[in-house]
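One structure is given below, represented as structure tokens, and several questions about it will come after.
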């Protein structure tokens, strides 16, 4: 039974289902409804099939290798290699795509009649297939092909809602950035090919001892940049907060939840698997980047009042947290501490899974909110929990999970990441120890700020009173959308409670990647699902924690409700605000909430505060008619790095184009003669 | 014989279209002639693939590379004439050109095709040169087709620059002969005999000769900095002519350079010609990349894109080995894609009445199919998978990285920059709100079929090369890459 | 015996916490040359509030209604995890990070409840509270981490068992970390110079302004939770860094010694707090990060000196 | 500092009443409805080191939500009427409303002015009154004692509910 499910037929079946869904959607494009149902249904089937396949691969522990070489093209082989790591990413992707497809059935309805639904269904399915292939391919060229297809499909999805010029711009930025990233990846693979003679990962890995160190280092840096663009590390992240909000929400959920993880997957695959052994400084570089990403990511998130951009910046933060695990694993494996490396990688993998779940949940619920209110601006929300309680509850679950608060899943992966860093402090020598101290502090700061940010996000969106007419008329999401969100919310809880079991599974995956063997077990699960690190240095029990956190407040409630003063009467009344006429304009806004943190970190964020006052009459500047304060934070990288470079290129372009193509035919002929003379001169030299 | 039949067919069609007043006759005759040409080209390819060089007479020699080029020319030529009929028809009906022009077009274009075919299959270098020069003359009229000052200026520049270039090329060819005659070669000098004598040629003369050939025929290819005629000629001529210039004439000229290159390489070793090609290739890439970034006319952009691809091919041949294989593939892909791009650009022009990017926007709304094709062809042209140019570029870079890392990295970055610039313009054209007066030109599906067919062909060739084709490419690589 | 100890362990924080508040208030009154309310006044306040009706804002959602139970529940859970009088009662719950983040869960809901009614005061209170708690968290974790490294476990309930007091090598990091923890304590429990727990002025409030909207039982729970929080941090401060007198077995005598020594040490902390609150002024809000930065640096140095 | 002996007597009686009626904790929210600040001064004096009303279990709170007793001062200006009503509504039961000072009882010297509503009872139900312009702290305490003596048990379900 297991072997049947784990057979490649299942994978092919999954791909075929997505294919049928995509092509069928195009054929059915005349009918919006049919195209939607068809593509979503097949995406659902495909996700389930892929999930079953990947889970049974993991369960049976087998590795699946398939290869078809191309007759026409040497070097290109359609090579799949599904080991535990790939299977794990397959699981992650298919879980998220399953719920997003379910949600999509309801969400897509808003595009009926405005856009071509068949086209959306095609791209959506293509996107998922490409992601599945990205994490399973084991040939550099094949990988690049599916990688670019994934990027292209997601680009078209980002630019899908094309009537908004912002989305088109976002798509442009996204595709340009990802293309430049691909150029770096291409170079990395070509470098490897030049020195190993193959694009196949297994061959490259086998030939690794013969590759000179500086080539490996170059490959590392190139791949870090290339995959870093996709993963959204700072400072290569600028496309991410623009592109993720632009796509339809269920696509944003997939992009943020799993697509950026493909960058992480390749980093793990290359740095910890193919290119091993790695020097120490790789890990240090990754750690530094990770720290920058997580701290700055969460700070920028705090400054946002566009709900999807806020979530997108949190993706950057969480990528940073995942990279903390990856970077620590690199450092540990370079120092020969394979046990610790396994621990760190396990943490990274677990956070990958968790972030996929809760971030897609958050994007889906944000999508419901946007669907209901027609705006992404959080300042125009408020009080939505009364109008859309289910969405509010799911967003709350996601918020608790992403803030790493117990007992949901985010806490346990962050806990594990912390443990890896703690062990780094405890077991490494002087300089590396200080590095880990700094990194630990950064992670703690990040998680603190994340809590603040999600208090803001949830509070400003769902609590208090509606701040716009659209928000007053908001409505609950449709049943399928709720089902999609509910599934992910349940997973947040389930993965949290079952974290010890999952961590144990992930540890075997990590051991497989690092080929560390069973002896390198730092995480043990003792009876009662108690997770224990380094022989009891740290222990935590997820079920107990969950039980207590649910039971104790319930007990408190029962006692206070029924044990004391049972005849108490609870009435509702106005909010007390000193007797004034409280309006929703007096509520704390998103900008107001974050203002103090922004000002504290103004050295990093460089906010610009603008006051503008309009006076009643010009002569007496005493009575202002209106006052406004704008607090805006611009991405410093955009201002100080990307914009100058871009403007420089534009200038250079004008200069070259107008200088050479000056319209003067004499000049043109002069060029020819100059070239001729120079070359003839060269003949003399050679 | 095949070649002569095909050329005869083309010339007949040319005559018919000039003689008969009825537009349909000329167009139909051309399409039939081109169709025959394609059949002939396929037959030729099959024959060369199975039996080796095809030498029907003293004047004609079809080696694998020539056969491939003939195939490319024929495909692009057929597509162009199928496209040209409805395209020009529409322009006639809009009053942009007179009905007489329609006939003139087919008359000239058939001549142009015949010259290209003869040039690429000529056994004699001087004959090849003569026919190439003849293409210059026939196309000059096609470039000045719209008979406006700007088009006439473009044609004039084209004529002068190309003639200058070809004169240098001619001088180069003569230098080859002068070098060989000293080593006892007399009479009718063919490519083969030149090659056979190559070992004994004076290396110094060969180097000088190759420089002249490279600069001369490089002008025709459009390698920078001899490229200056290209943006003007491409943007002013009718769309199908642009397709032919980029998709057919460029390969012909490039193949001629290659034929001289192999002789040079035999005489003085591969490094000399490789370095020269590399210099021109990188220059072309850089100039094209930076020019595209701020271009304001989407047809001029095609010209720069051609320059970029010519540069890439030059690099591929310069790197040799896998690079040469990839460069030949690139040649095929580029011709098909660029022709398709010109057709879609022509459709855009028909709908928006302007080739300026600022006048064109919201194409996805006005002409969704054309816009979609334009997008896909753009992606194909800039080397995104699954389209074949991705593979050929990858191979070219792979071939060059070890020996010439800096050149390769510069080229890679330039290619990425081309993508950025190209995408910037495509984005501006496709999205946004359409201007007033834009109208859908899709009513004639024959305006859409040629680019669709070309795109599908590229997609097929990207993953599957028919065995004869692969044999031809491999054989060509074996011959031309020493 | 063990059960009895557990009962004491669980009940200790909620039962003793109001007394601590009473002590501080009474001491402050004394310093102000007043007699002040009795030590038991906080119990009376709570008891009275439990028997009052409630008025809840009509804008508030279920978050507001449930937050007090979560806030209170969290402090009970964490209270039961502490090394109150013995280092022998440990659960997996006592993990350093579990404790920190469980407390953060309480803060999370409290801040949401503050925003829930839509009152301007509640919102700004939430904003300030979250600002401080966001920045303080790193120091909180790392100061306890110093002790964790010294004792070889992050289980705070048994941490003191691994710590041999008086050893010279330990002293400097412990003192540094303790100094940092004191700043954390002041910040996390909303005391001077971070916040004035007695203020009636909404504009200067941090913690209190989130409670303005609560009444009756829920107010009682919130105030009780705040008192618990203060006691939790005080116990952490004294029993992690200076575990003198804490029982390492479950004998009656040592348990009694443990309880009395803890009470004594906590009382000292409270006295210091009362003196502090009577002698210094509240800081400007934007000066607080400087203070937290000091705590952070102290911690980093402390951890660096360990091992 | 020498204290009046009667202060202690009143205080302990007051404390007993607070214990009896309010479980030992009486929370007062003071509301100024346009007062001339005279009464406020006297109320503020209640918490100083001399009177130290806190030792009897009585304290002032920042929100009517927390209060058992509203001490209203001032003649209730038109602008404050609505706020006063809201404060009353915001206070949970059981609650007492005490009008402190002559102004609060019937407008005092401002009585009849167009700007005031002449006393708290015009706006919300007043349970007790403390006369004086302004009443001294001792008088306030005495009156509070009298009030609490009068209230036999916790004044539940009074007013509208």
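Chains here go by letter, A, B, C and D, matching the order in which they are written, and residues are numbered from 1 within each.
Keep in mind that, in the parts below, contacts are C-beta pairs under 8 Å (C-beta built on N, C-alpha and C of every residue); 3 or more make two chains touch, one makes a residue touch a chain.
Predicted model only: the values in this text are computed from it and were never measured.
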{"item": "Pair joined by more contacting C-beta pairs (A-B or A-C)", "value": "A-C"}
{"item": "Centrality ranking, top chain (CA atoms only)", "value": "A"}
{"item": "Rounded Å distance, subunit A centre to subunit B centre (Cα mean)", "value": "44"}
{"item": "Separation of mean Cα positions, subunit D and subunit C [Å, integer]", "value": "35"}
{"item": "Centre-of-Cα separation between subunit D and subunit A, whole angstrom", "value": "59"}
{"item": "Residues within subunit B bordering two or more other chains", "value": "none"}
{"item": "Touching two or more other chains - residues of subunit A", "value": "569, 571, 573-574, 576, 578"}
{"item": "Sequence positions of subunit D contacting 2 or more other chains", "value": "63, 65, 89-90, 92-93"}
{"item": "Pairs of chains in contact (touch as defined earlier), listed by label", "value": "A-B, A-C, A-D, C-D"}
{"item": "Residues on subunit A engaged by subunit C in the complex (per definition of touch)", "value": "382-383, 385-386, 392, 396, 400, 403-406, 411, 414-415, 418, 422, 425-426, 433-434, 437-438, 440-442, 444-445, 447-449, 451-452, 454-456, 458-460, 462-465, 528, 530-531, 536-541, 544-545, 548-549, 552-557, 560, 564-565, 568-578, 582, 584, 586-588, 592-597, 599-600"}
{"item": "Touching residues on subunit A, where the partner in the complex is subunit B", "value": "70-76, 141, 144-146, 148-149, 152, 159, 162, 165, 168, 171-172, 175-176, 179-180, 183, 186-187, 190-191, 193-195, 649-650, 652-654, 656-657, 660-661, 665, 667-669, 671-672, 674-676, 679-680, 682-683, 686"}
{"item": "Complex contact set, residues of subunit C against subunit A", "value": "50-63, 66, 69-70, 72-74, 76-77, 91-93, 95-98, 101-102, 104-105, 107-108, 111-112, 115-124, 126-128, 130-131, 133-138, 140-142, 145, 148-149, 152-155, 202, 212-213, 216-217, 220-221, 285-286, 289, 296, 299-300, 303-304, 307"}
{"item": "Complex contact set, residues of subunit C against subunit D", "value": "29, 32-38, 40-41, 44-45, 47-49, 51-55, 199-202, 205, 208, 211-216, 219"}
{"item": "Interface residues, subunit D side, partner subunit C - complex", "value": "1, 19, 22-25, 27, 48-49, 52, 54-55, 57, 59-63, 65-66, 68, 89-94"}
